[in-house]
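Each remark here refers to the structure printed beneath this line.
Chain IDs A, B and C follow the sequence of writing; residue 1 opens each chain.
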Amino acid sequence: GKKGVEFESADKDFKFRMGGRIHADASYSSGDDNLVSGANHAEASDGTEIRRARIEMVGTFWKDWDFKSQWDFGDNKVTTKDMYIQYSGIKDFHITAGQQKQLFSRELYESSNDLMFMERSLMNSLAEATVDRAIGLSVATAHKDWTGAVGIYGETVTPTTDTSVDEGWGISSRWTFAPLNEKTHVVHLGISGNYRDPNQGNQVPEGGSKQAALTLASETSHMSNLKLINTGGIANVAAIKMVGLEANYLNGPFTVGGEYSKMWVDRKTASAGDSNLDFSAWYAEASYTLTGESRKYKKGKFYKLSPKQKFSLKNGTWGAWELAGRYSEADLNSADITGGQMSLLTVALNWYINDNVRFMADYNKTLDLSNSPITTVGGGDPNVDTFMLRGQLAF
Amino acid sequence: GKKGVEFESADKDFKFRMGGRIHADASYSSGDDNLVSGANHAEASDGTEIRRARIEMVGTFWKDWDFKSQWDFGDNKVTTKDMYIQYSGIKDFHITAGQQKQLFSRELYESSNDLMFMERSLMNSLAEATVDRAIGLSVATAHKDWTGAVGIYGETVTPTTDTSVDEGWGISSRWTFAPLNEKTHVVHLGISGNYRDPNQGNQVPEGGSKQAALTLASETSHMSNLKLINTGGIANVAAIKMVGLEANYLNGPFTVGGEYSKMWVDRKTASAGDSNLDFSAWYAEASYTLTGESRKYKKGKFYKLSPKQKFSLKNGTWGAWELAGRYSEADLNSADITGGQMSLLTVALNWYINDNVRFMADYNKTLDLSNSPITTVGGGDPNVDTFMLRGQLAF
Amino acid sequence: GKKGVEFESADKDFKFRMGGRIHADASYSSGDDNLVSGANHAEASDGTEIRRARIEMVGTFWKDWDFKSQWDFGDNKVTTKDMYIQYSGIKDFHITAGQQKQLFSRELYESSNDLMFMERSLMNSLAEATVDRAIGLSVATAHKDWTGAVGIYGETVTPTTDTSVDEGWGISSRWTFAPLNEKTHVVHLGISGNYRDPNQGNQVPEGGSKQAALTLASETSHMSNLKLINTGGIANVAAIKMVGLEANYLNGPFTVGGEYSKMWVDRKTASAGDSNLDFSAWYAEASYTLTGESRKYKKGKFYKLSPKQKFSLKNGTWGAWELAGRYSEADLNSADITGGQMSLLTVALNWYINDNVRFMADYNKTLDLSNSPITTVGGGDPNVDTFMLRGQLAF
């Protein structure tokens, strides 16, 4: 069926599902012809890529014990995504051990199959480097109108590249509330916090890999390799503290929402000149479904819409069409660190063929950019715009 | 069943199949004892390898939307092979987006499970570097007696190794005709063309990887790492143009056929001394099934035979036996490029145990070799012969 | 069901099973604060890791032809484990071609899902580098009270890193006897031998990878990267010969057993000062199931117990509990090689939730260590103890 290949034992104590996704992208940037990064030529790479190619196996054993394993095979390498064992034997509670997303931000938590835009917002420049997946233990409780969860984590599955240092660790928590929670009329509020102590080699886990020091940055597209804002490696990090706020309103075909994140970085006092830092980023977004369908909300999570009529040449039906816009800002300047300040407008048109196939077109316009590590050959601020297309099949 | 694990929903709108293949090889070369590549010792490595270990998942959603994902795990790394979404909602047409084989040459297009020989011919020295899989969009139409397809492509899934350059692109097309098309009596003709513009870093996609410049070469075996003909990196390539011709005749247990490819390489005029180039390669092959079975032909593609009686000690039946021979030639010398000229004779004995298991023995004899980058210590032409064995299980 | 997803055709000629395992670990070491390896700081890395994340597909085609493919995705890379084709058409015999475990040692042969301890003993410092998986051909016969097998092998699937050298090869054999063989009362005896000729680059296959020269070593934990005993690369190896002895006694909830391995290394006489070497290692272990269950024995192999009552909060049942202890020793000093001598005590408490889920806690205490390549800053012998936890889900 549309959920992939599913099996269930007669007594429903054993379940197994195999799923997958293909995100095939093409992207083109303008305004990137005469850029330099220091003395080196810089450019947003145009072209094609398999943005995501994932297999997942999820299952239930003896009713109470679940597992999920998910790998990404983009870029001809394997990256372990979710990889955990879960105990669901206590009503409304889930205890999860293994690699999982840390608890922070609705945008980071939302599946890439459901996001309204092809890439996450500039706010992800703070989140991706610190609160993406890590190996740990979490306890979550989920109810119709509120959810709460707390977790303690080591690092990602990537092996330590520094020789012989202890891993870092972090603790995070996310709580959501839905004061209004009807099928197509929802108010969602969320708050989350994160504390992380980097490892002895000053490493921080970053979205499935690991970096030698805390680096906050954002690419113009995954394909482009061009980072218009980029702190570079921030040395001598003693601790990272983060707070995030979420608010969303859904009313039939219309949604509006946003998130705000603030990060404080404590530096090791031993290093003169390494001041404590603070960074912030946020986004606001709105969407409208031309064909009338509503996005879905369940227990603190948003999901993509399901088209009322799937695309069919024979029946003359055209699926669902969604129009969305997002404004996002990130400020990566603080004390001795000049990572740049940027605001970005994203406009998206999404075509939902059926519950499994979606095509997406995104246009990203740089509204404002200052203190960027990338400049034009003449020394001015770059003005790069990017157009992206995606074919998505997921189950 | 023999096609792997297959599922279908009751209304046949959803299908899913999981397949795989194991090709376990051993190879031994003679005449490689005193070879040098410039000042360095060179040798054809003898030994064992898992030549291919692949998993594939293919499926259909809502009747019209197909996907295929296939990975190879040979050499302890993952390589994305097919990875595409396909629309089949228009009769006799397929529109395919994602990573797929480009449209050129029957030999390259044929599955490695079906090939009569363990490795493709010397002609593949032109095709592998230019028209193997890439991410793109193609439209194909297939009829009983003719097929036609055209596609436009970026590069492979391998990430750009040069920093910040736009990808190259290519366009290719293949047309096939079967003026005679009975079950065991077939005449097949084909023609294909390819145009490719390399990327700004002068890269060309090559069989699942990517190379810094166009490199045409052929290994004596996949295991050996010995390239008796090898242009090395051809710099300053402005455009690559290729034409390919195919002809095959199948009559019961007997087949004969061949292909010819010609490549023209335009160089950037800015570089003095970099002339335009042209290379060519071809092969002719014949096979005879001792046990009488016929190879199969369907819509422009050839498939391996199915044994009439599968191997069984209990029943005293021995499966099918096939004898095949191939002569191939490649000329990689042109203007300032001296890649060598080679002709190779391949003799093969294939044992088809059943529809899933096959054992293969190949003997490759170098007939003629000149201008090779590899020489004997004394300076003469090498004379390397290779014997290879394979156990194959595929479904 | 508990064995994963299984399918069978109506006539039972075709079978297919998909299985997997997740081993999620956390480890902490003490006594590693002031260690050096030569002039460099050394330390046992504390933290979390996905020790194993494996998918396996096994199947049967046409009744007599089996295959097994198994990959590990730990550390964000792919490692091919079992990858073979097997013929079972002769009663009591299996002929296996492809990548498989070489025939040596009960401990190495036992699945990591079944082992009583989180890591294999110090004896594995000899076995892992020489008799772990390789590509080859083996013939095995298995009977209720005895088994015998012999195999010839090349190297692992890892590509040769030395350019253009022939692979090495080895031959090994293992025989087991069960003079007493009742369901919960077993005496098991085993003997195995191995001969290996390294490749021209002096490489030896090591647990899924390959090393530039024979290296015998043992990590305090897989996560730690700390090798308290380590020969470093042993150059000029001409041949490796090994003998192993096994003995086990199982009586209801109680087991006791051990193994002894001896290795002789012949050096190439050309190299003055490179003497022939011999190394040895052994372990003895005992276990007791507090809840009364018995481990299982079948055709030369031991398997983990199955809890009489699975863990259930609702039913107030607690699964099975197993207590185990092991003493192991390795002597890696011989002639010009000083790899160190070590004895280690391991105490384990295992909690079997059900047939698929197990939690493990191990404490490793270094009893004695001399000639270690790792010393304290002051120059004395390190005294590192390690505590490890595991969550295991396997099917």
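Everything below uses one rule, namely that a contact is a pair of C-beta atoms (placed from the backbone, for glycine too) under 8 Å apart; a residue touches a chain by one contact, two chains touch by 3 or more.
Remember, it's a predicted structure, so these values are computed and weren't measured experimentally.
Visitor: If each chain is a dot and touching chains are joined, what shape do you get: line, ring, star, complete or other?
Guide: Basically all the chains touch each other, so complete.
Visitor: Quick one: superpose chain B on chain C by CA and send over the rotation angle as a multiple of 5°.
Guide: 120
Visitor: Taking each chain's centre as its mean C-alpha position, how far apart are chain A and chain B in Å?
Guide: It comes to 39 Å between the two C-alpha centres.
Visitor: Which positions in chain A touch two or more other chains at once?
Guide: Residues 77-78 of chain A each touch two or more of the other chains.
Visitor: Given the complex with chain C, which residues does chain B contribute to the contact?
Guide: By the definition above, chain B touches chain C via 1-2, 4-5, 18, 20, 22, 24, 26, 40-50, 53, 55, 73-78, 224-226, 310, 312-314, 353-354, 356-357, 391, 393, 395.
Visitor: Okay, in this complex, where on chain A does chain C touch?
Guide: 7, 9, 14, 16, 57, 59, 61-62, 64-65, 67, 69, 71, 77-80, 83-85, 89-90, 97-99, 134-136, 153-160, 163-167, 169, 199, 208-209
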